[in-house]
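The next part holds the structures, each set out as structure tokens.
What follows is chain A paired twice: with chain B in the first complex and chain C in the second.
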Partner chain A sequence: MSSEGGHSWARAFRYTFVRDLRLRIRHGSEWGSPLIFFALIVTLFPLATTPDRTVLVTFAPGILWVAALLAVLLSLDALFREDHDDGTLEQMLLSPVPAWLLVLAKMCAHWVMAGLPLALMSPMLGLMLALPSSVFWVTALSLALGSATLILIGAIGAALTVGVRRGGLLLALMVLPLYIPVLIFGAGVVRLALDGIDVTPYLAILGAMFAAALALSPWASAAALRLAHSG
Partner chain B sequence: MWQWIHKWASPKHFYRVSTRVAPWLWGLALILLTVGALWGLAFAPADYQQHDSFRIIYVHVPSAMLAESCFALMAVCAVVFLVWKIKLADIVAKVAAPFGASMTFAALFSGAVWGIPTWGTWWVWDARLTSMLILLFLYFGIIALRYAFAREHSGGRAAAVLSLVGVVNLPIIKYSVEWWNTLHQTASFSLTKAPSMPESMWVPLLLMMLGAYALFGAVVLSRTRNEILRREHRARWVRALITDTCDKEH
Partner chain C sequence: MACGPYWTFVVKCRARERRARRDDPARDNERQVGLRVQLEGRQLGCERDERWLFQALEFSIEDGDLCRVEGPNGSGKTSLIKMLTGQLEPSEGAVLWQGKPLPKARAAFHGALVYSGHLSGVKEALTPLENLSWYQAIGIDDDARSVAARWQALDAVGLKGFEDIPVAQLSAGQRRRVGLARLHLLNRPLWILDEPFTAIDREGVAALEHLVAEHCHKGGAAIVTTHHAFSSVAFTRRIGLDGHGGHHVL
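Presenting the complex of A and B:
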């Protein structure tokens, strides 16, 4: 029984993951917008402050991270909204497979479409912010790991506000305070790398936050979705 | 045991009992705060380094403690409400939130005022200060989330989940002065060792802290009673209560 149960769990996870990916890819503007937003925000900073490369490089870790954080925040609405509106989410909650597993699958798909691309884009934007190419890898790694944590934390907020009309600003209000520790250590990784200091302690803390969020968030998000649905 | 809990969880019983308790709590808060404030502000000796500016401690420490305790209370209420679906817990969590937010603001504000004579600046991006600021934003988020729902019950449950998530901030605030090298000093009081201040300084502080907790209890209790009346205004016992009061007045 248990092996059969495990087998169906894996299948449900894979199915939800592939389904979400497929839906996202077909809605090009939905996953494209946060990425363009990311690039736009990064563009605003040199224009508003200074194009001086020596000054810009000191701000670059912060600018990249704040812009990525806002892009993730903007993308969160897509996580549950559509499935909530057309009733798919309700079916997921009713299914015999535990809801946290399906929620986790949705989060993974979301990371592939909204978190990972931010990390992949970061070298290009880093170039515009005068970051030396030696820190590109670390920047991308910190953003890949950090964006996963941001999505996990944000999913709780997205689940809580899924039933609220115009929940966007409310979501920002709830989630941004919780994002601050990730931001501190994420941007800290890049800054340490810029100064030529060993980044592993900060990366380890970032990883620890990811692990904690991974353990708690799918469960909390599923509970929040249940609350939203039971009225 | 369960019967006892259920009796206490009933708004009606709670209202009856709290009618007797509330005035005592208000009186206790008034006495403790008056004595503590007079003693601390007028009679305690001035600090040899900070002179009179150290007296801000008598406002700063109690409000900061309340800010954290209030969040802890909300988290406990959240568990009770989510697990056992006791409505009274949701009412307490609801009325405690604005009080906690104002205490957090008071702590930040008094800290900023204190920062000028001691640190020479209103604000530094210190771990303790930043984590308190996050606490203030968490309070705002919880309050805003509660009122975003049309149905009171849904708003209460959403706010409960967010308060539980926000609890991670409490240990960060507590240990921020130990984990990082901060400008903010470490705890002035602890249960395990003698205070580092002379008696004439810490006794009024202790009074202020106890008074602050009494005030916290009194405010939450009174506001809970109001909220019970508001939510249960259709219940028979509330109507009877209102007609009784009206009869007495006329």
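Presenting the complex of A and C:
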């Protein structure tokens, strides 16, 4: 019975994951806007500050990370809202599968569509900020890991504000303080790499934050969804 | 490594056993019989904005019961339904599933329930077939039945031929029907339906009435809120709310 239960849980996870990917791909504009936002912000910085490469490169880690953080924040409002509005969230909460598992599937799909692309775009935008190509990998890795953590943390806020109309600002106010450690260490990884120092300690801390968020967030988000939904 | 062939043999035998169990048609009936409906409300009360919509509501729903929740707009029908499905914590009292309070019996209870509320629960960007396969996956339905069951359910709600069209392009009534296909799709003993007849045409209403009556006749149970008069079906239970804190249970 337990193996069969595990099997059907895995199936529920897989179907929810695929369903969310499919929905994102069909709503092309919704999916693309955080990525375009990310690219736009990064593009504007050299125009507004200075084209001087030596100055620009010192700002590059911060600019990339702040822009990525805001892009993730922008995308989070949509994480549960549509499901809440059309009643599929209700069906998820009334499923015999534990809600945290379905929520985790949604977060994974969200990362694939809104977090991973940021990491993949970062070398291109890094080039614009005069980042040397030697740190491209580290930048992408820090953003991939960091965006996953940001999505996990932000999902709790998104779940709490799901019943609130125009909850975007509220979400930002709730979640931003929790984002600060991720931002410090995420941008720190890139800065250390620029200085040619070993990045593994910072990466390890970033990884630890990801692990803690992964353990707590699906459960907390599911509880928050139940709370917000019953109101 | 000497035991390699033996292990492959054992694994193969187990897989065959599992397949046989899954294909066994008697299994569905077994499950249906195994799960008995026993849903009770104990001293249920609902408070909204410092006003009691109902208080001290006592009832029990068992196998074969067809229960109607009635009352004027704003009398707390939907709140009661949400309490019964475990979405809303009762302001006082408790809902029991097979003798256990709902939060503790959540997984077992939700494994026995199909709920259709005011929101259709249908994804508009997906096709009806995709919607149904997701319902099956999160409803932990049987693997072996799944494809055939999906087509059967689509046929039963009159959506055959529309299976590949995104739901957004269907009419309001057809969207509702996609949601109601859950009743055919998932083999569950308890149906809780909040205003199921909204936007459905006359034939659809008759078919749905018939379906609910047959479900209860076969030993399932259903709780329905509706303003619509069932033409052919007798309710075994009624919960009436008057919206001023009073109620009657028949």
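The criterion applied here is as follows: the second predicted complex is superposed on the first by the 231 of 231 C-alpha atoms of A that agree within 3 Å, B and C clash if a C-alpha of one lies under 4 Å from a C-alpha of the other, contacts with A are read in each partner's own complex, and residues count from 1 in each chain.
Going forward, contacts are C-beta pairs under 8 Å (C-beta built on N, C-alpha and C of every residue); 3 or more make two chains touch, one makes a residue touch a chain.
On a predicted model such as this, the values are computed, not experimentally measured, just so you know.
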- Message: Output check: A:Ile156 vs chain B and chain C. Expected answer is one of first, second, both, neither. What do you get?
- Response: first
- First (chain B), second (chain C), both or neither touched by A:Gln91: second
- Query: Does chain B (first) or chain C (second) touch A:Arg22, or do both, or does neither?
  - Reply: second
- Item | chain C versus chain B, contacts on chain A by residue | C
- Item | Partner chain in contact with A:Ser8 - chain B first, chain C second, else both or neither | second
- Query: What is the shared patch of chain A, the residues that chain B and chain C both contact?
  - Reply: none
- Message: Per the contact definition, I'd like the list of chain A residues that touch chain C in the complex.
- Response: 5, 8-9, 11-12, 14-16, 19, 22-23, 26-27, 85-88, 90-98, 102, 226, 229-230
- Could you pull out which chain C residues touch chain A in their complex? 82, 85-89, 107-108, 110-111, 113, 115, 117-126, 130, 133-135, 137-140, 143, 166, 179
- Note on the structure: Counting only contacts in the complex, chain B reaches chain A at residues 130, 134, 137-138, 140-142, 144-145, 148-149, 151, 153-154, 157-158, 161-162, 164-166, 168-169, 172
- Contacts from chain A onto chain B in the complex sit at residues 156-157, 160-161, 163-164, 167, 170, 173-174, 176-178, 180-181, 220, 223-224, 227-228, 231
